[in-house]
Every structure is written in C-alpha cells, then in structure tokens.
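Both of the next two complexes hold subunit A, though its partner changes from subunit B to subunit C.
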Partner chain A sequence: MNKNIILYAAILIFGVAAPFVFPAFKVQLSILCILIILAITWNVQGGEMGYNTFGNILFYGLGMYLCASVQVGMFFPLAEWTEGGGEKTFVHTPAQFFQGFAVGLAVAAIVPAIVAGLIGYSILGLRGHYFAICTLGLGVAAGEISGGIEIIGAGQGFTTPPFPKVGSLEARGEFFYFCSFAVLIFTFLAVKAIYSTRFKLVLNAIRDNEDKAEAMGIQTMKYKIIGWMISAFFCGLAGGIMGGLVGYIDSTDVAFDGREMGVFMVLMAILGGKGTLWGPVIGATVFHIFKEGFWTFFLGWQYVALGVLIVVIVIYFPEGIMGWLREKYPERFGEVVDEADRKAQVELK
Partner chain B sequence: MKIKKIIITFVSAIAILFSTSVVSLAKVVGDKIILGAAISLTGKYSSNGVHTQNGYNMAVDRINSMGGVKVGGKTYMFDIIYYDDESNPKRAAQLAERLISQDGVEFMLGPYSSGLTKAIAPVTEKYGVPMVEANGASRSLFTKGYKYLFAVLAPANLYLDVAIRTAVELNGGKGVRIAQAFEQDAFSQDVRLGILDAAKETGSKIIIDDKLPKELNDMAATLAKVKATKPDVLVVSGHTKGALTAIRQIAEMKVDVPMLAMTHCDAAKLSKQHGANSQYALCASQWHKTLTYKDDFFTDGMTYDADFTKEFGYAPPYQAAESSAALLVFKDAFERAGSFDQKKVRDALAATNMQTFYGNIKFAEGGQNVDKPMVLFQVMCDDAGKCENKVVAPLKWASAELIHPIPKWSDR
Partner chain C sequence: MDFLIFQVPMLTVQAVLDGLLLGILFALIAYGMALQWGVMNIINIAQGDLVILGGYIAYFMYLYGIHPAWGVIVSPIIMYFVGVIIYKLVINKVVDRDLFISILATFGISILFMQLMNFAFGADVVLANSGYGTTMLFDNSVTLPNSKIFSAFISIVFAIGLVIYMKKSKLGRAIRATAQNARAAKILGVDTEKVYAATFGINAALCGVAGALISITFTIHPYMGLPYTIRSFMIVIVAGLGNLPGVAMSGMGLGVFEEFADYILGTEFRIGSVFLLLVLILVYRRFKLSKKREYLK
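Showing the complex of A and B:
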C-alpha cells in the first residue's frame, strides 16, 4: 500500500512539475495526456468488455465540436463566427473564454455520453466483427456529416476562440496542459474506482462468455450501454480540450480523425496490454515517445517505421507490455508460482 | 507489488529522455538565419507540399549564392528546418509549436494549403513569430486580425471570379447557369464563396452546388447531373486530386460543357498527364511564366521556369513560384528592418512594396497581397498532341485568345 502511495505521489509530482521542467514539451505532454485518456477509455470496451470499438472517435469529435460551439455560442452568434468569409472578428474577454470553456467541457462530456446511450441501445446487440465494422462506420459518417453542417464551419473548418491575453506567453500551453492532466487524473481515478467494483467483473463476464453471463441473470445490455457511456463521457472531455489545444477543428482531419486517433487508441491499448488498468497508460506513453521520435529521425518515413513497430508488437508482444511482464515476472503481479506443482502438471500431461 | 517499481523506473526513464533531448537552436546561429516550415511531405497534399518545398529551396540556394542577406553590415545565409505535417492540421499546429518552442525558430514560412495555415497562424500569432506564407489563400485567414501573418498570394475567393465574369461577358452580359463542385476543405469552400458572390453580381444562377469529399477519387454523380442539366459553366475545385479526377471522368463520360473552370491544373501537371483530354480547361493561377514581372534574383518568369526545370526536372507550378517569392519577401524585410527583432521585422514586412518575378507584393491590413491579380490560362494542344498552358485573361497578359465554347466531344 505504501508503495502505491509513493508511486502515485511520484507521478503526480512529475505531472505537476513537467511543464516547468520541460517547458518546450508542453504541447507534446498535453497530447500524451489526451492519448492516455483515449487509451484508457477504449480499454473499457476493447479490453474489459471484449467489444472492439472503432466508434469512440465519434465521442471525441463530438466533444470537440460541442466544446468550441458552446464556448463561442454563449457570447456571440455562432453562425457569424463560422461563416465562410469570416468577415467579423469577435474577441473573447478572459472571463468569457474561461467560462465558455468550462461550460463547453461540461456539455462536451454529457452530450456524447447521452449519444453513446442512444447509439449503444441500438447497436450493442451486435457482436464481434459486426460490432467493430458498425462502429467503424459511425466515425466515418460523423466526419462526412459534420463536414456539411454550415453552422460549425462545414468544410471551412472551425477556428476555436484564441486564448486571451493573460499571463505570460506560456500561459496558454500551461492552461491546456493542466486541463488535460487534470482530466487524465479524473479519468484514471474514475476508471480505477469502477474497476474495483462488481461492474468490472460483469464486463469481464461479458467478454469471456456473454451468453453464460446472461444465463446467470446479468442484464448484459444494461452494463454494455453504461460502459460505453462512461467511455463517451471521458472521450468527449478529451476531445473538448484537444479542440482548444489545436485551435482549429477540421471535420475529418482533426475531429473525427478515425484514421489516426481512432486507430491509435486501439493500438496504444493493445501495445500496453488490453484488460489491465496500467496497460493503456504505459502503451500510450511508449507509443507517443516512439511516434515523436520517428517524426524527428525518420522524416518522410515515419509511418513506415510506425508500421514496423506495430508488426514487432503483434509478433513479440501479442499480450502487450503488461501481458509480457506478467508472463515473465508473474510473482510481481501477486501470482504465486509453485514450481514443483507446475512441473508436476507438465509431467502429468 | 514489484510491478510498481518497474513503472517508477519507466517514468524516470521518460523524464531522462525528455531532459536530454532538449536541443535549442537559436534563430540566428553564426551567419545563418534559420527559418522553420511544416510541409506536407506525406498525405493528401504531398505533391503540392513538395512543390512548396522545392520553391523554398530554390530561393534559399539562389539568395545564398548571390550574396545572402545583409543585416547590420553583416552577411547571413538562409537555412530552413522542415518537418512533415502529414497534411493534417492537428499535426501542423503541433509542429509550429515545436519549431518555435523547441527549435527556437523565430521566423516561419507557411505550410501548403489554407487549412494547415489556419491551424498554424494562431500559434505564430501567439508567439509573435512573423510568418510569410505562400499557400494559404482562404479569405478567412485575413479577417481574423492576425498581425504576424503575411501572404504573398491573392485570396481564394478571387480565383475563379474572372472565369464567371468572362462567361457572362461572352453570353452577352446575361447571367449564366453554373454547375459547381467543391472539395470540403477551407480553400475550395472559399473559392466557392467567390463564385457565389460573382453569380449574385452578374445575375447568374447556380443549378448544381455539390460538395466533394476529401481524398477525392470520384465525382461521377456530379458529372451525371451536369450531363442532364447542361449548364453553361462547370466549376471544379479540389486541389490536385480534384483537377485530375475531374478531367479523367469528364473525358470518360464525354461530358459536354461550354466552359470548364478549375484550380490546380498546373500543380496536377494536367496537360502532361491527360494530354488532349485536358484541352480547353480553364485554370485559375497565381502566376504564369509568361507574365512580365522582374527581379534581381530570378530575372523573370521565363528564366525561373527554365532554372527550376533544370534543377527539379519539371516545370514549376505557381505553388513553387509563390513559395520562392516568400523568401524574397523575407530577405527584403530583414534588410529593411536592419535587425532580427521580431517586431521590427514584422513592421518591415507590413511595409513591403516590391516587385518579384512572381508579381508585385504589397500587404493589406489583414496580411493578404493586394497588388497581384489572378490570371486564367487555358490548356491548348496542337495537332501533334503537345499541350501548353496559355494565359487568356486578364487581357493585359493574354498570350492567346480564349477558345469558347469548348467543342463537343463528338467533334473532337
């Protein structure tokens, strides 16, 4: 228990000190936080529940558009802000900016959760590949549809409100970093708390044998929907922050970016180890570092390098980093290995 | 619980990694002025990204070999740090941040496309980093009140304005029926707004107004409608892929339309790729080699065309020419500012009033270049099937007469 506290304190101190110790990396660190949130939330479905979803990008993009729209719409006419020619320029006062952002984030979390409930009700009956393909369509459709809605900028894109002039030059970076770090902690603790309840066992039961779980009297549909709503809630928050951080929302390249973010969240969770609490965190961190490294050292070939990395992961770490560690050092995961017993079993066979 | 130990080791390893990789390059090292640029080397804009990069490189080599930049009695050479933005706005914004805060770049060159420029401008603006961009034409870039953004090109809404006006003129001043299809991106949507304005003013009617997806490979649905409704003008804009797709399918489906107006024909090397099929296409261009602008570095358009072709093996599209012009603007501003103070350079940029081989450059309040009109050229082929782009409007520079209406496919 003590070690736990030390670990969490260390991470917290690292997280709080990071933007000051590595001021040049604030944006990368903020994106790392966002990536970890996405990996953790994907893991709720893909890892614990056994439902491989490509649809979480829908909630991320939805959150992004909602947060920015609310932030603008609370104080100025949204249609004029996003109007094609952009003839008018509105400037948020600091108070307006922060109020708008706070309310925007709340909306960006709640609405996607509701949407997840509604969509989940209709498609969570699908299983396996059918569910994966169906969710893949959700993200693509959302990108195309949002690219045609004039009030959120359509194909022109949506420039989010510029950060007001408060504090030093670094204020913007620090603000978004701490937002994303705070949401990351919130997400982690919430998911950790949920994993310590019966809820996680139900999700695992669904993953291992859904029919049996149902036969035992578990209302699997209810749990599946709630699980997805929880993911959507945090994905929406992550999207909202990311929109503000990037400063410009494009329907298919930034918001409903299934080709990148949508795939990355799956990769990161698998790299770290599906179905574990720490796996997605580690996976996202390793992935982000590799990705940034490839961008710097293999300019123009970064996706080839990334592809090789994925192949290596799949061949050598099919269970992810956590799975590999667990196999290698089972005793460190609190598993007791009785060598004599193990040998005896092998001999029996 | 030893797993926690591993995690702690892991976290500290990251910390070490981060702290050792901080490399700070100053904006001016020794005799070098280091500019930063995020360029689309991969992704959907990769071909235009390369044109942009070639344009930048060509100008850097030329300026450096002709004596460099003289600031405060000292001579400096240009150097550019490039990153690949993957044609993705999210990445571009991140890279701008990285160039400025990690690489210490204090002056930026623009990326390719309006969307990416839109993503980068807030970052350069925040840090007060002057950016001269050559490939972001969307009008909304210039109405945001950016102080550090300067574009050497004419805004996107003017691209095909001339085409519509010409069509109306040829129609005896009466409004025409327009069919249009635009990609869902910032630039093309702005071209669309320009057409809407022109249509309103000339009393023209828009009978088809389609949106095309990004990564566009098929527009058969739009063309089928065009075949059925027989408009007077068909307008298509969707960067390089849009131009290629349009010509390919128009030829395949034998769509007859009196006037076909597009963007990005030269970047797509249309006349080379599709030969006679691309004949008669009318294209908006920021620049053409036959224009008579001059400067000391590239002499004029024809010389630039020849030098560029020699170096890179293909004729320069306007994307390359305007990119080269951006460097000339920077050089001029540095020398007039006589300092590397960002504010002074910014003010010098704002006061720019010069002629380059690419055209006159003078910035309006919003940062757009107001001293350079667009030109329209038409793809014209001789009997041997050799095609060339010839300027047809405005009349001042026209080297050939506009062929209108386009002959029917059955007569070709």
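Showing the complex of A and C:
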C-alpha cells in the first residue's frame, strides 16, 4: 500500500511538472493522456467484458463534434461559422470560450453515453466477430455520414474556436494539457473504483462464459449496456478535448478516424495487456513513444510500420506486456507459486 | 419529392441494370470470402485490398500497352501467389486462434497493403480503359457500358468454373473435406496445411479477377478496399455459408440497393449507406434469432 502511494504521488508530481520541465512536448504529452484514456476505455469494453469493438471511435468522434458544436453554437450561429471555414468573423471572448468548452465537454461525455445506451440493446446482442465487424461498420458509417452533413462542415471540416488570449497570457498548450491530464486522472480513478466492485466480476463472467453467467441469474444485457456506456462516456470526453487540441475537425481524418485512432486504441490495450488496470496505461505510453519515433524518422512509412506492428503484436504478443510480466514474476501479481512446481516447469521447457 | 429518379422513370431501369451487373462482381468477391470463412474460419479484412491490388495489376498492363482484359488471366495467377505468401507469413499462425485475433491481424495486413499500394501506385483514382464502347437501350434512355456486361460475364464464367473445380478435382474435394471436419480430414491423409494455403490462394485469385474487372469497369484507388470487404462480409452473412445461389442473389440485391441509394440519398452517402446496411442487417438477424433464444455465432 505504501509503495502504491509513492508511485501515485510520483506520477502526479511528474504529470503536474511535465509541461514546465518539457515545454516543447506539451502537445505530445496531451495526446499521450488522450491515448491512455482511450486505451483504458477500450479495455473496459474489450478486455474486461470480452466484447472486442472497433466502434468506440464512434463515441470519440461524436464527442469531438458535439464539444466543438456546443462551444460555437452557444454564442454564434453554427451554420455561418462552418460556412466561413477558417475565416474568423466571430471571436470568442475568454469567458465565452471557457464556458462553452466546459458545457461542450459535459455534452460530449453525456450524449455518447446515452447513444451507447440506446444502441446497446441491439448491438450488444451480437457476439464475437459479428460484434467486431458490426462496430467496425458503425464507425466507418458515422465517418462517411458526418462527412455529408452541411451544418458541421461536411467534407470541408470544422474549425474549432481559437484559444483566446487572457490579458497577455497565451497558455493554449498548458490549458489543454491540464484538461487532458485531469480527465486522465478522473478516468483512471473512476475505472479503478469500478474494478474494485462486483461490477468488474460480472463483466469478467460475461467475458469468460456469457451463457453460464446468464444461467447464474446475472442480467448480462444490463451489465453489458452499462459497461459500454461507461466506455462511451470517457471516449466522448477524450474526443472533446482532442477536438480543441487539434483545432480542426475532419470527418474521416480526425474525428471518426477508424484507420488510426480506432485501431490505436485496440492495439494499445493489447500491447499493454488486456484485462488489467495498468496494462493500457503502459501499452499506450510505449506505443506513443514508438509511434512518435517512427512518425518522425520514417515519415511516409508510418502506416507500413503500423500494419507490420499490428500483425507482429497480434501474432507473437497477444498477452501484452502485463501478461508477459505476469508469466515471469507471478509472485508480484499475488499468485502463490509452488517453487518445486515452477522448477519442474522450467526443466520441462 | 424532387428526386431525379422519380422524375425520370427510365433511371429506375438504369439503376436496376447497373446494380445487377455490379452485384455479380460483389458476389464473386463474396464467394472467395465464403470459401475461406467456411474452410479456415477466418474473416479476412484485407479482402478488399486484395481486390484493389488485383485491379492495379490490370491497370499496369493497360499502362504498358497490353489490353486490360488480359488482366483477367494474369491477375489471378499473380494474386494466387500473393495469397499463398500471405498465408505462409501470417494467416497460418492465426488459423486456430481466437477469431478476433484473425480479424485484427488481417486488419494489419489491410493497412500495410493500403499504404504500400499508395507508395507504389500513387494516390490517384485510376481506371484501365478497355475501349469496349457502350450499348444503348430503350431509345437511348438507358446506357450500358459494354465493359460492365463483359465483367459480369467473366465473373459468371469464373464462378461456374470454380464450382465445377471444387466438385470434381482432387484439391476441391480435399478443401470441402477440410471444411467439414479438419481433424477427420487430417486423419484420412489430407495435408490440411496445403489445403489452407491453396484456399487462401484461390480466394486471392478470385479477388484478383474481381479487381481486374473493377479496374476496367469502375475506378480503383489504394484506400477503396474496406468497402469491398464489408460488402462481401454482408453478402455472406445474408446468404449463409456454403449457399452459392444465395451469394449470387444477395450480391445482386446489394448492387441494386447501392445504385438506388446513390440516386436517392446522393453519391456522398453511398459508402455510408453500405456500412449502415451492414449494421441494420446484423441487428435484424440478432432480433430474429433472439426470439428463438439463439444468437449469431
């Protein structure tokens, strides 16, 4: 317990100090926070519940569009804003900007959760690969359709309000970094709290054998929907912040980006280790470092690397980093190991 | 309602004919998917990218002055080996694993192919001009490019040829035996590893044919693969595994649906409507099965 507190305190101090220690990496650190949030939320759905989804990108994109639309729509006519494209005929005052962003984030979290609840009953009745392909279709369809809707900018894209100057202070990077870091801590603590309840056991029961869980008297559908709603809630939050951070929303390249973000969140959770609390966090961090390195040094070949990476991770490393650690140091994970048995196992190998 | 299709009734005929000819092509791709799904229990997300790669082979023949129709012969031969190589490198490691692993692995292959094609062939939308001209029907109110008729004809020839091959040849019988029960087939001396490789190769070859035909009749682009995967997946789940007439019918149905969606909703919603239709079909199946307390599996 004591060790854990030191660890959490160290992470917290590092998180707060990071933008001042590494001012050049503010945006990268914010994106890292977003990626960790996405990996954690995917893990709730894919790792704990066993419902492997490609469709959480739907909530992420929805949150992004909603947050920006609310932020603009609260003070100015939305249609004229998007029609103007990049041209700034309307300017948010600082107060308007922050109010709009706060309300926008709230909407961006709640509406995707409601959407997940509404479609959950239909979609979560599918199992296995049908569920995976259905959610893949959902994500792509959302991207294609939102690319045809005029009021949110259609194919031309949606420019989010520029960050206002408060007095002479320009703190865009810090603002979005602390936003995403705060949401990350909120997400982590919320998920940690959820994982310590019966709810997590129910989700694991669904993953391991859904029919048996149902026979034991668990209303699996109810729990599946709630699980997906939790996932959607945090996905929407992450999307809302990411929209403000990027500053420009495009339907298929930024918001409903199934080819990048949609795969990233699956990959990060698997790389770190599905079904663990810390796995997605570690996976996202490793993945982000790797990705940035590749994006910088092998520009143009990044998708080739991504494709190869997916195949390699999935085939040779499906248990992830946490799974590997668990196999190597089972005592650390609270598993009781018989030393003689273990030696016999090693000799067998 | 000021939709064009209601003002000009002849457009309905146009859409139906276009859709049917397009649907036959979809059915050919879906046939390949049904084959590998049935035999190896793998859902190949890279299916559409194999199609596009096959299309680029025909396009390159066109660039070098060979008539692209020959691509129908050349492309499947090359694609067969591409398929076997993919099998040896990746697929044979995921055959017996969890289905999600195979979906994710082929998703990786799909991204890889997309980007490699983007490097090799550029991000332009291209088509191989066959120069077959067009046929006019009903007082010139319906136009049918001859290339579409050609492609539908070739698809049917290949589909029938494959059906006969699967029925009569030794390999075809081995494939069917493996599909029924891989373990029993192994005991009886079938080299299932070889059968799997051949199945994946045949699937890739079918994609090659379809791709060559698509490059003649429509356009190809490195990033256009995923919709073809989704279409073939949809056709297979509507028809059911191993139901060949069903695959043809649902393929044509999907083609007609797409043409009408194109006219009524607008071209920008065409791909979106395909993906939405997939979701709707799956949800419909789910509710239908849940009445019997069953689920899609």
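Details
Operating definition for what follows: the second predicted complex is superposed on the first by the 320 of 349 C-alpha atoms of A that agree within 3 Å, B and C clash if a C-alpha of one lies under 4 Å from a C-alpha of the other, contacts with A are read in each partner's own complex, and residues count from 1 in each chain.
Criterion: a contact is a pair of C-beta atoms (placed from the backbone, for glycine too) under 8 Å apart; a residue touches a chain by one contact, two chains touch by 3 or more.
Computed from a predicted model, the values in this text were never measured in an experiment.
By the document's definition of touching, neither partner reaches A:Ile218: not subunit B, not subunit C.
Legend: residue contacts after superposition of the two complexes on their common chain; A:Ser251 is shown touching subunit B, with no touch to subunit C. In the superposition on chain A, A:Ile110 makes contact with neither subunit B nor subunit C. Judged by the touch definition given at the top, the superposed model places A:Ala190 against neither subunit B nor subunit C. Once the two complexes are overlaid on the shared chain, A:Gly128 sits against subunit C while remaining clear of subunit B.
When the two structures are aligned on the shared chain, A:Val266 is found in touch with subunit C, with no touch to subunit B.
Judged by the touch definition given at the top, the superposed model places A:Tyr303 against both subunit B and subunit C.
Residue contacts after overlaying the shared chain place A:Glu144 against subunit B and subunit C alike. Shared interface residues of subunit A (contacting subunit B in one complex, subunit C in the other): 144, 147-148, 155, 300, 303.
Contact residues of subunit A toward subunit C in the complex are 52, 122-123, 125-130, 132-134, 136-138, 140-141, 143-145, 147-148, 155, 259, 263, 266, 270, 300-301, 303-304, 306-311, 314-315, 318.
The touching residues of subunit B, counted against subunit A in their complex, run 1-8, 10-11, 14-15, 17-19, 22, 24, 41-42, 82-84, 87-90, 93-94, 97-98, 101-102, 115, 118-119, 122-123, 125-127, 138-140, 143-145, 157, 182-186, 188-190, 192-193, 211, 213-214. Those residues of subunit C that touch subunit A in the complex are listed here as 43, 90, 93-94, 97, 99-101, 103-105, 107-116, 118-119, 226, 230, 233, 237, 266, 268-269, 271-272, 275-276, 278-279, 282-283, 286-287, 290, 295-297. Of all residues in subunit A, those touching subunit B in their complex are 3-4, 6-7, 10-11, 14, 21-28, 31, 84-89, 91, 144, 147-148, 154-157, 159, 162-163, 169, 172-173, 242, 246-248, 250-254, 257, 260, 278, 282, 285, 289, 295, 299-300, 302-303, 325, 329, 331-334.
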